[in-house]
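Right, I'll just put the structure down here and ask away after.
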Amino acid sequence: MTAAPARGHGRIRSPWAPYTTTARYLALFALACLFILPVYALLVTALKLPAEVSVVRMWQWPHELSLDNFRIVWPKLRDGFGNSVAMALPASALSSLLGAANGFVLSKWRFPGADFAFALILFGMFIPYQAVLIPMFQTMSASGLRGGLSGLIMVHVIYGLPITTLIFRSYFAGISDELIEAARVDGAGMLRTFAFVALPIAPPAFAVAMIWQFTSAWNDFLFGVLLTNKDRWPITVALNNIAGSQAVPFNEAMASALLACLPTLAVYVVLGRFFLRGLMAGALKG
Amino acid sequence: MLRRLRAWGPGLLLISPSLIALAVFVYGFLGWNIRVSLSSWRGLLPAHDFVGLANYTALASDPRFMQYDVPNIAIFTVVFVAGSLVVGFVLALLLDRAEFGQHALRSLYLFPMAISFIATAIIWRWLMDNGGGESTTGLNKLLVDAGLGSLRSDWFKSSSRWAIAAIALPAGWSLSGYVMSLFLAGMRGVPEELREAARVDGASEPRVFWHVVRPMLLPVLMSAVVILAHISLKTFDLFYAMDQKNIKIDTPALYMWFTTFDGGFYARGAAIAALLLLGVATVIVPYIWYSVRAERVK
Amino acid sequence: MTTPAAPPPPGPPGSPRRPAAGIRLDKVGKRFRGGVDAVRDLDLAIEPGEFIVLVGPSGCGKSTVLRMIAGLEEVSSGRIFLGDADVTNELPQRRDVAMVFQSYALYPRMTVKKNMAFGLRMRGVGRAERDQRVAAVARTLGLDHLLERRPAALSGGQRQRVAMGRAIVREPRVFLMDEPLSNLDAKLRVTVRAQLTLLHQRLGVTTVYVTHDQVEAMTLGQRVAVLRDGLLQQFASPRALFRAPVNLFVAAFIGSPAMNFVAATLAGGRVSFAGHSVALPADSPLAAADRPVILGVRPTAFGPAGTGGWPEFAVTPAVIEELGDERYVLFDLDAPRVDTDATRAALDARSSDDALLLPDQARARFTARLPADLAIAIGDQLTVSVDPRRLYFFDPDSGAALS
Amino acid sequence: MRTNSLSRLAPSLTTFTVTVALGLGLGLTAAVSTAGCSKTKEPAKEAAKEPAVPAAPEPPKEPAKDQVEVFSWWTGAGEQEGLDAMIADFKSKNPTIEFINAAVSGGAGTNAKAILANRLQAGNPPDSYQRHAGLELADDIKAAKVEDLTKLVDAQGWRDKLPKGLLDAITIDGKIYSVPVNIHRANLIWFVPKTLQALGIAGPPKSWKEFMTQAATIKAKGKTALAIGPAWTQKHLLETVLLGELGPDKYTGLWNGKTDWKSAEVTAALDMYKAVLSVSDIKSSAADWQPAADRVIDGTAVYTVMGDWLDGYWGRAKKLAYKTDYDVTATPGSAGVYDFLSDSFTLPVGAKHHAAAEKWLIECGSVQGQDLFNPQKGSVPARTDADKSKYQGYLAAALKDWQDPATKIVGSLAHGVVANNALGAEIDTALGIYVENRDSAGFAGAVAKAYAATK
């Protein structure tokens, strides 16, 4: 890995540089405002006193900051929030663990046709889930897995496998083959090579895979609405139910939406660079 | 032979649970779905008869599918993919040379991606409210206040054929930061030495970009197009939460859901899903084939 | 800093060393997917306790041979024996071999101690014995104070020693080393080379060492196997390789600076090349030959005019390389450069300190080592003599040595 | 190169995070899966082998452990309280039966329906579930998912207590499969009397033609004649226009095949619907029925067509006064007609607590049960012998109409009385297109085709 050279530093600049730089930052700032706009509306509405909220005064700064809106919607969202936590964490952990095993085998313990198997696995990442809904629905119903969280977890784990496999495969591919060979010559079989050599160096990949899986499981709606009963609804379904289908007060809709995306936003803020790496993995690039 | 089995057998064994699960949940279910699409299943009880392509031919003359869903999804895909690419690319271009605050700005453009489509739709549904007069609000309100009242729009409730293009706004809001990241990574992948060599050879910055950087961005562009296009085809929740049963923003994914789970037209839903799969596969299969092959060549 | 001051103490007490094992390769071949033959019909018998070096240009199959001995690469044809046991189909973890990798392949999340103990742990050796053996080897290699460090916190030379230590601790029947010095800087490489020789003398473990560097091969190997395109060219002592190369490739590959070549004709007990003619000694086996050949002369076979009654001829120096005690004089001959697959492959494989060879030259360019006190100027005529007993002749078509 | 990539793997914070998350995650999985198991396995034992036709009420085998799981979408304001009151009454009458309230909220039962369909398909039905009375139940009957309740209805003597129009609507092939609890009226047009006065309009229109005349006046004053909401409210409007233009008999004929969808009069009625839409605010239609109604209160719109649940929204939630702040009458051309929809409860085949479920149905059909529920819900009881004193304001008037033998009763389209799910979904599709392209003949043709295909 070559360290990125300090870009632009010490470079001789063209006489136009001050102007282009100013223009660049003006453009960047304007675009930033556009990107923030929806969140601004979301925040100020959620933080207004319920009495002060009005759709037509959406853009006005609140006279007085208040958490009342959250107090109103939290009881309605609490169960969904809990369900999503109880679903997304195990789903992402299991999916990552299996993905680590797959990625290890497909990059470092290859068998004939490993690339073909990988391509087949990868395709699962891109399928439109509509094309599996009916059979999934029937299967999960018939096996009694529909309704609760275990079925939803299972589905998230399975459909998460392609991306976690991809992340770990790319990651392990970047690890020297000699490391694995050293372990083999040292007398370790596959499982022990995986456990003692590959897994200990995989935390960065785990971070990427876990974050990615957590985010997509948390944000999923389709599987949640199809596979759970009301008491087990994940947050997105609960959110759509209270803020989506019926006319709810504008402030409650916004406060609910904000609550529902807090965990993923928190993950994004705290572990942003891993989040980004997960995104890159989605483009089939290591 | 025995040695080979001993050599790669354990690996195969380790991943076989995943392989089996995916074989069932991806390929098994896809096949099953296609089988359903060839039956006459309607209502609560599955039908196991075989009606050939009847459901597909019915879709071919189904006005909702042919006159709304297909043109809608085509318009949406084009606007959404092109828009996100342009915005993402411009952002990357601006950011690549920005020396201060680059990290913060990049995070800022990217964060909408962390928000679920459901929440995105709930926010944007209000932003794209088309109330007029005193009840003008959302984006229209901003436009009017800025003296751009002539630009006010009915958004996805517009009577125009292009109403669905309004949904590309929240979708693009969500994903153009992602495109930006892809392009930024691509630009970073160009060694600084290469740019310097071109500069020494007398190329101006735009020419450096055109002759050195641009050719190396083509694979990134391809990835971005493929990913956006497949998201566009299969997205369901954004539309669902935005405005259910608004035919102007109806897509095959929504039709599939409603006809299957509201109307009980399972076979028809399966046929729509199969066509969606076909659409995604025509984009994805060459992409995967190309990627895996390119990697092997490396 | 990197050289342990004291001579290495004897092996760890209480662990009787197992007898070293010989290695035998019997018609071993390796064909990769896509039909590329990396190794063809290789027969190699390595004596117990011997240190042999596999050398050749990149892609010659030397690493493949090593990896097949380790079990990391499947054998396409032939058999491999370790001692008396046929291990052709044995998995690497079951062969009693230890390997030192080019990148050292230290486990990044384990301390030096755990790295060294890993092989023992995998083989079920108890903790007490592991610690004892690791400690003993660490002492020998001067790694005592590094045992609790992670590899990332070590210098290149230290890592190299840990990699060696990891192999030694195992007390395997065979050491395999895959270019273990190539990641060290030039100075360190020479030091470690010497240590390796000492280590081998002390441990007496059969060692197969792979390198592309002919100097390393010559200095380290008791015997050296030269490989090219998957074929064994010559397997002999370094001295024999230098003195009696069996073909053009080995001749061009071994020795520094490299042997000079020019197309020549043998007739009437003389060899004629580029307008010069040199008489062969009367007892030369080729004295009676009458045929075109490629003539090879080592730079050290030249002398100033009037040396020991050697034949002489006049040249015009093009480049003079001053080395203090001696100098290399480069001159062109009025004959095309010898450019066969063999010479090209050999040149490609040579390390950068042989850059004198200027292979893009159209004419044959010779290098002669001459004493430094000789007055020479570029462009002036110079008469050199050549030792007629140190002329090598090769068949222009097959490249085989003629004698 | 290599050395750097090694040092890049340094652990630090990341390792910690992942370890914690992993530990937490795995722990939770275990917890969830065990919880899930214990929950699903328990009732499955005494599964589906109950008699297909219910015998006379039979004491539960293990009274101490008996329970009844009732599935509904009554979670909104009013209806939830109504349900709770009924549950309390049920418990006091059946203290040994544990009541499990499996209510699912959302979108006029859209979510609930999908979920219920899953459970029925999976052969894991609740002990009783809510359906709109009428043909919404047809699919379930066809698939043999619900039991024939005719005997129960007769045994309880409910036939005499229900109006004939309702009995006709809930009788399918001579059998009754569900017990109606409440009656809503769909054919209502709502307005603010003061607004009409200000505009110089004497009173609400008697026909859709008159409505159009008024609309011209209203438009001239810069207001919207009709406030409308999302797709289902447009369907709701469609049925009232069809009803007003065709009259109750021909309207009912649309759903039993006696009225030809492609006939000229239907096309004319559809054209009237088109005209009504054109004076509505459909271009900027409200997100749902409440905001649409708000526009009438605001005074930006004059009328809105909605069911009588709007009375609960205005009267109760908005604290407006019936008759003074707002008023309501039958939609144009439908005076004397009660376009009803009804929530009813069923007994699924394979219900695990058959006897307890019958007890629940008896509660649903009882005067007490209905009188506890309906005042809360804002609907009138299905039974005609209910206690009038419990119904005030609008409800008193509605109950009077409902109990009036002269009132003609027809079923609602938008709320599943006259169309099964499949036809309903197909009409949704066709209507969505119709609202876009305003092709009356095309719409009529599409519905006719769908009707034939889903009969």
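Labels A, B, C and D are assigned to the chains in the order they are written; within every chain, residues are numbered from 1.
In this section, a contact is a pair of C-beta atoms (placed from the backbone, for glycine too) under 8 Å apart; a residue touches a chain by one contact, two chains touch by 3 or more.
No experiment lies behind these values; they were computed from the predicted model shown.
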Starting from the defined contact criterion, work out which chains touch chain C and chain D both, please. A, B
Distance-maximising chain from chain D - centres being C-alpha averages: C
Pair joined by the larger number of C-beta contacts - B-C, A-C: A-C
Please compute the C-alpha centroid of chain B, do the same for chain C, then give the distance between them in whole Å. 57
Per the centroid of Cα atoms for each chain, what is the distance between chain A and chain C, given in Å? 53
What's the distance between the Cα centroids of chain A and chain D, rounded to whole Å? 37
Just how far, in Å, is the C-alpha centre of chain B from the one of chain A? 16
Within chain C, the set of residues that touch 2 or more other chains is 91, 103, 106, 108-109
Sites on chain B at which at least two other chains make contact: 131, 134-135, 244
Chain A: positions in contact with at least two other chains: 138, 176, 189, 201, 245
Where on chain B is chain D touching in the complex? 42-45, 63-64, 67-68, 125, 130-135, 154, 157, 159, 243-248, 250, 255, 258-259, 261-265
For the complex, which residues does chain D have touching chain A? 1-2, 4-5, 8-9, 11, 14-15, 17-18, 21-22, 24-26, 28-29, 31-33, 35-36, 39-40, 44, 76, 102-107, 110-111, 114-115, 118-119, 121-122, 124, 286-291
For the complex, give me every residue of chain A touching chain B. 4-5, 7-9, 14, 24-25, 27-28, 31-32, 35-39, 41-42, 55-56, 58-59, 98, 101-102, 104-106, 109-112, 115, 117-124, 126-136, 138-139, 155, 158-159, 161-162, 165, 189-191, 194, 215, 218-222, 236, 239-240, 243-245, 250, 253-254, 256-258, 260-261, 264-265, 267-269, 272, 275-276, 279-280, 282-285
Any idea which chain D residues touch chain B in the complex? 107, 110, 113-114, 117, 120-121, 139-140, 142-143, 145, 230-232, 283-285, 287, 300, 421-422, 424-426, 428-429, 432-433, 435-436, 442, 446, 454
Chain B residues touching chain C in their complex are 2-4, 6-7
